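One structure is given here, and the rest of the page talks about it.
We just call them A, B, C, D and E in the order they show up, numbering each chain from 1.
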Amino acid sequence: MADAVIVVALLLTAGAATAAVAVRDPARQALVLSLLGLFLGVVFTVLQAPDVGLSQLAVGSALTPLLIMLSVRKVRRRGKEGGK
Amino acid sequence: MNGWILAATVLLAGGAGTALWGVATGPLSRRVVAQNLSTSVVCASLLLLAQGYDRTAYVDLGLLLAVLGPVGTLVFARLLAEDLTDDRAAAWGLTWTTVGVDAAVVVALCVAAGPGRAMVKLLVVGALLIGGNLVASRALSGGFQGVRGG
Amino acid sequence: MHHLLPLLAAGPLLGATLLVAAGRRLPRVVAESFACAVCAATGVLALVLLLNSSPPLTEWVGGWRPVHGESVGIVVIGDGPSLGMAVLVSLLTLAALVYSWHYFEEPPRGHAGSYPALMLAFQAGMCGFAIAGDLFNMFVFFELMSVVAYALTGFRIDEAKAVQGALTFGVVNSLGAYAMLTGIGLLYARTGELAMSRIGRGLDAYGRPDALVLAAFVLVLTALLVKAAAVPFHLWLPDAHAVAPTPVCMLLSGVMVELGAYGVWRVYGTIFAGPGGIPAADLERALVALGVLTAVVGAVMCWHQRHIKRLLANSTIAHTGLFLAALGVLTPEGDDGAALYILGHAGVKAALFACTGILLDRYGNVDERALHGRGRDLRTVGVLFAIGGLALAGLPPFGTGIGKAVSEEAVGGPLTVLFVLASAVTSGAVLRVAARVFLGLGAPPPKGAAYETTGADEEPETSGRLDRIPGTMIFVPAVLLAGALAVGVAPGFPTVVSRAVAAAGTGRTPVDVHWTSTGVLLGCLSSLLAVGLAAVAVVRPGLLTAPSWALPLRRLQSGHVGDYVAWLLVGATVLGALALPGVLGG
Amino acid sequence: MSRFFRLRVLAFGGAGLAALLVAACFDLPGFGGGSHPYGDRAVRASLARRTANVISSVNFDQRAYDTLGEMSILFAAVLGCVVLLRQNRDEHRDRPEPTEVALPVRRYALLVLPVALVTGLYVIAHGQLSPGGGFQGGVVAATALHLLYLGADYGALERVRPIGVFEVTDSLAACSYLVLGLAGVLAGTAFLANTLLPYGTFNTLSSGGTVPLLNAAIGMEVASAVVVLLARFLDQAVEIEEEKGS
Amino acid sequence: MHVFPYLVAVWIFLTGCYGLATSRNLIHAVGCLAVVQSSTYVLLLAVGYRDGGTAPVFSDLKPGARPLVDPVVQALALTDVVVGATVTALLLALVLQIAKRHGTVDPDELTELRG
């Protein structure tokens, strides 16, 4: 029974990973990836690894989404200019 | 397994599961709202887990998420502002519900912690989380006007 | 002495950080001289350590020496092969730095130090990988050298092909690295250790190998074989090596790929060689099968290229196949042969790339057909290129020749034919290029073929096209070829190599390695065959033009990252299937 | 290769690998098992050196050489990004127009910025005691700075962020980690040996010998590296434009 | 429960590989690579978990009071997280340059290197 929270966290992570692959638009994928980062943070907490959880939250909640979204923005802006 | 962990499990299964569903499907406006919601839910569960494992050191995770989670939502609000102008992402009912849940969790934890440094930390986390959540919701519903170039 | 071992990685890194810190204000000359000095100093350190490496050095970083046989630290190994690779890495890095001395295109404004700093970091990554004795540490330095290599491959950002090749390289190699990490996780779960020798002992203590050992073996080897570009993990290599800046190509083809083969040797020997690991017969089957396949595919692909750098890249694949086959027979002679072959090949291949770089910078073109006859005035380069081509076939007394001869003796039988043919075909392709480009022989070939990469319209790497070839650019390939020659002719050198390899292994007795008459004959045979092939290709191009059966093979090289990932998974499956019988058969 | 053929190849490879990995999973020791020889040794070694956070002890003392590699990867990757995202010959810079940001968002950003910076520093400083350390704190501090971009506008961020200084800090911090390691060699022990400083009192900020110093070096390195990295991406996304018609 | 976490790691690994191979957008592909990597974190930490254990962090815990999970895998996973973030950044930088030079980020449309 003590493992229920671990199972839930792992299922959420697996679900988020699957969704991150299935969602094909990069901006939307970035949203799913930020969730994946959060859920990984939870998995690390329930597996008693707060240090790893902290770094995952630090990277996954803001840094990676920012990098991906900036790339998406650049690519899109190019696309628009090319289309004109 | 104690009550705190059980509460965290329920919160994760219900709240985070819903958030995952919301982020993975539907229109963009719904997805960003779900992303914002997930921060609150996960942060509250992290705080509950810290109490459940009886490790005050784990509260740092909640603190960090309360600081950075809304920042992440602001990233999306800002860089997707053009896509969000057409259908604004406003779900104030949902936002206030999660704020209520967060407040309840923080109050319960404060009661359990009793007065002291731990309680101050919890209150700071709670304030950051609730404030961040509200501001991020505001940002999603048209917080960035005329984002062009910048 | 052994305390100095970690400095092989730390020294270049220190140089790199200082270069970046001061790079904004440093004039280019100072930055490049400093990088050369640091690189050379590391090389000297590696050489000194190598001369003191019998018995092999071991160092526990941080002073965590084992207590009752157990340590919490990281072990670093300084034996013959590891330090030999470190010396080779340092020498080639130095050659690449000297080659790019002042010629390489303007560095980004305010970042004069960034290119030499990246080269130093590359050197640090490769040296750290070579001396790693701890599996996770090996992964870390594997990643370091990979990350630097991606950045260096894409260095010329205004080249469409360069950035594409760098990304494919990055994705496939990172995926391989994550497979390796998964394998490390499995091994740690079983044995609870990270030092390679202790993992090996842990597996032996557990007993018979099972699915977990097999999976860990497959995953770790996947990463190393991706690096070594064994078929079908090889697809990234031509794309990356053809587009990287020339000095970087010299390092990638000359030593980084070979480090993958070295890693296979190291990991198998220390982790999986015991009774709890993968039985020798299975490893032999897997490595020889993949090696043969790699050699054949590499040679065929090499013959069909017109982009000269791509041609050389494919010849690297063919030769890695030969190295893997030589290592795969698991005999002392095979190890010696592979070691010598790698040394000789490094010099020859780097020299060939250096010569191609001169063509690129002078004509803005590395296409065999477009350059037809245009290299007539570059006599010295042409001579060097042709010598390199012959050396690639294993012409005695080059180092490649003795390496090939010793390997042939070790593998014996039908595999000898493979060695002769693969080296002859790759060498023939290089000689064909030499004849067409530098001598203008044969009719200018017709235009237009559907499925290939041309080498026309490339940007030179210098700030403009070169009118005069700088002395350093000729000097470097000449020295590299001389080095490859020295490996073969220096009296007693092969025996020294054999001794160093033996001391690192399981304590077998070193064998005397020297030229044999069979080896010399086979080397001459390959060279003659290569000259013949080149002559036929030039005089009667119709006879040897792409037969239709080679087209499917070329279609696999699609430049599509998704294809490469799919083939990587297939490769892992095949590797697992090849090693399966020993695990099943209890 | 056609899409269909690729899927077939992928299915074959994926199925084989899946079978292998699943079989391996069933041979793994059961989840939650008790045998962790290296882990138990690491805990003892950490306590002997009075480092309260064992993970920090592993990272900055027992396996500090790995962390050196990790730091170099970060350093090299950032250097690579600087090189790859440089302004090319056919590109020019455009000043972005300032953005209108809703007042609550702007206030929030300016209010949380110092809080986040302090959080980052707190996480770095307590690295050898409680969960956290140079890497985590460094990322938080660097991300905090970008609240200026998110909450105010790009110009505000540019004013407080002299990229050159951060680049130099990045490399000097990496350099100091190496120098701390070399000090061990010079003192005659070993590279990255934690034997030079007293280990202090358990569970205080100055405990653990060189662990806090290495931790601080990593914190500086990561914070400045992330700032430089994001600056390059922001540059590309916001400022750098290609010449029209090129 | 004995193998469930490991199977989750395998699932994530293979899903990520599938996404990588079938991706039609290079930014998406880099995201899938991050997914593949997250499987290694899960595997490593699951290997180091001990029933009823807690984190070996003694700021609020007396040494010896409770069973501890394995700190070594946590240090490895920490290194891994850093490596993952930096590799993602570097690959994204390359994708940006591809977008500029090729005018597309669809791998199906990149046809310059072949044969």
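We take it that a contact is a pair of C-beta atoms (placed from the backbone, for glycine too) under 8 Å apart; a residue touches a chain by one contact, two chains touch by 3 or more.
Every value quoted in this text rests on a predicted model; they were computed, and no experiment measured them.
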Chains in simultaneous contact with chain D and chain E: A, B, C
Where chain A and chain B overlap in contact partners, by chain label: D, E
Distance-to-centre winner among chains (Cα means, whole assembly as reference): E
Greatest separation from chain B - chain, by CA centre: C
Comparison of B-D and C-E by number of C-beta pairs in contact, larger one: C-E
Greatest separation from chain A - chain, by CA centre: C
Separation of chain B from chain E, taking each centre as the mean of its C-alpha atoms, in whole Å: 24
Gap in Å, rounded to a whole number, between the CA centres of chain E and chain A: 10
Mean-CA-position distance for chain D and chain C (Å): 31
Chain A and chain D: spacing of chain centres that average the CA atoms, whole Å: 17
Of all residues in chain E, the ones touching two or more other chains: 1, 4-5, 13, 17-18, 21-23, 30, 39, 46-49, 54-55, 57, 59-60, 69, 72-74, 76, 78-79, 81-83, 86-87, 89-90, 92, 94-97, 100, 108
Sequence positions of chain B contacting 2 or more other chains: 53, 55, 57-58, 60-61, 64, 68, 71, 75
Where chain C touches two or more other chains at once, by residue number: 136, 140, 143, 147, 150-151, 154, 157-158, 163, 182, 186, 188-189, 194, 555, 558, 560, 562-563, 565-566, 569
All pairs of touching chains, each written as two labels joined by a dash: A-B, A-D, A-E, B-D, B-E, C-D, C-E, D-E
Partner chain D, residues of chain A touching it in the complex: 3, 49-51, 53-55, 58-59, 62-63, 66-67, 70-71, 73-74, 77-78, 81
Parts of chain A lying in touch with chain B, wherever the complex brings them together: 1-2, 4-5, 8-9, 12, 15-16, 19, 22-23, 27-28, 30-32, 34-35, 38-39, 41-42, 45-46, 48, 50, 53-54, 57-58, 61-62, 65-66, 69-70, 72-73
Interface residues, chain E side, partner chain C - complex: 9, 13, 17, 20-23, 26, 29-30, 33, 36-37, 39-40, 43-44, 47, 72-73, 76, 79-80, 83, 86-87, 90-91, 94-95, 97-98, 101-102, 107-108, 110-115
Footprint of chain E on chain B - complex, ascending: 53, 55-58
Contact set on chain B toward chain A in their complex: 1, 5-6, 8-9, 12-13, 16-17, 19-20, 23-24, 28, 31-32, 34-35, 38-39, 42, 45-46, 49, 53, 55, 57-58, 60-61, 64-65, 68-69, 71-72, 75-76, 79-80, 83
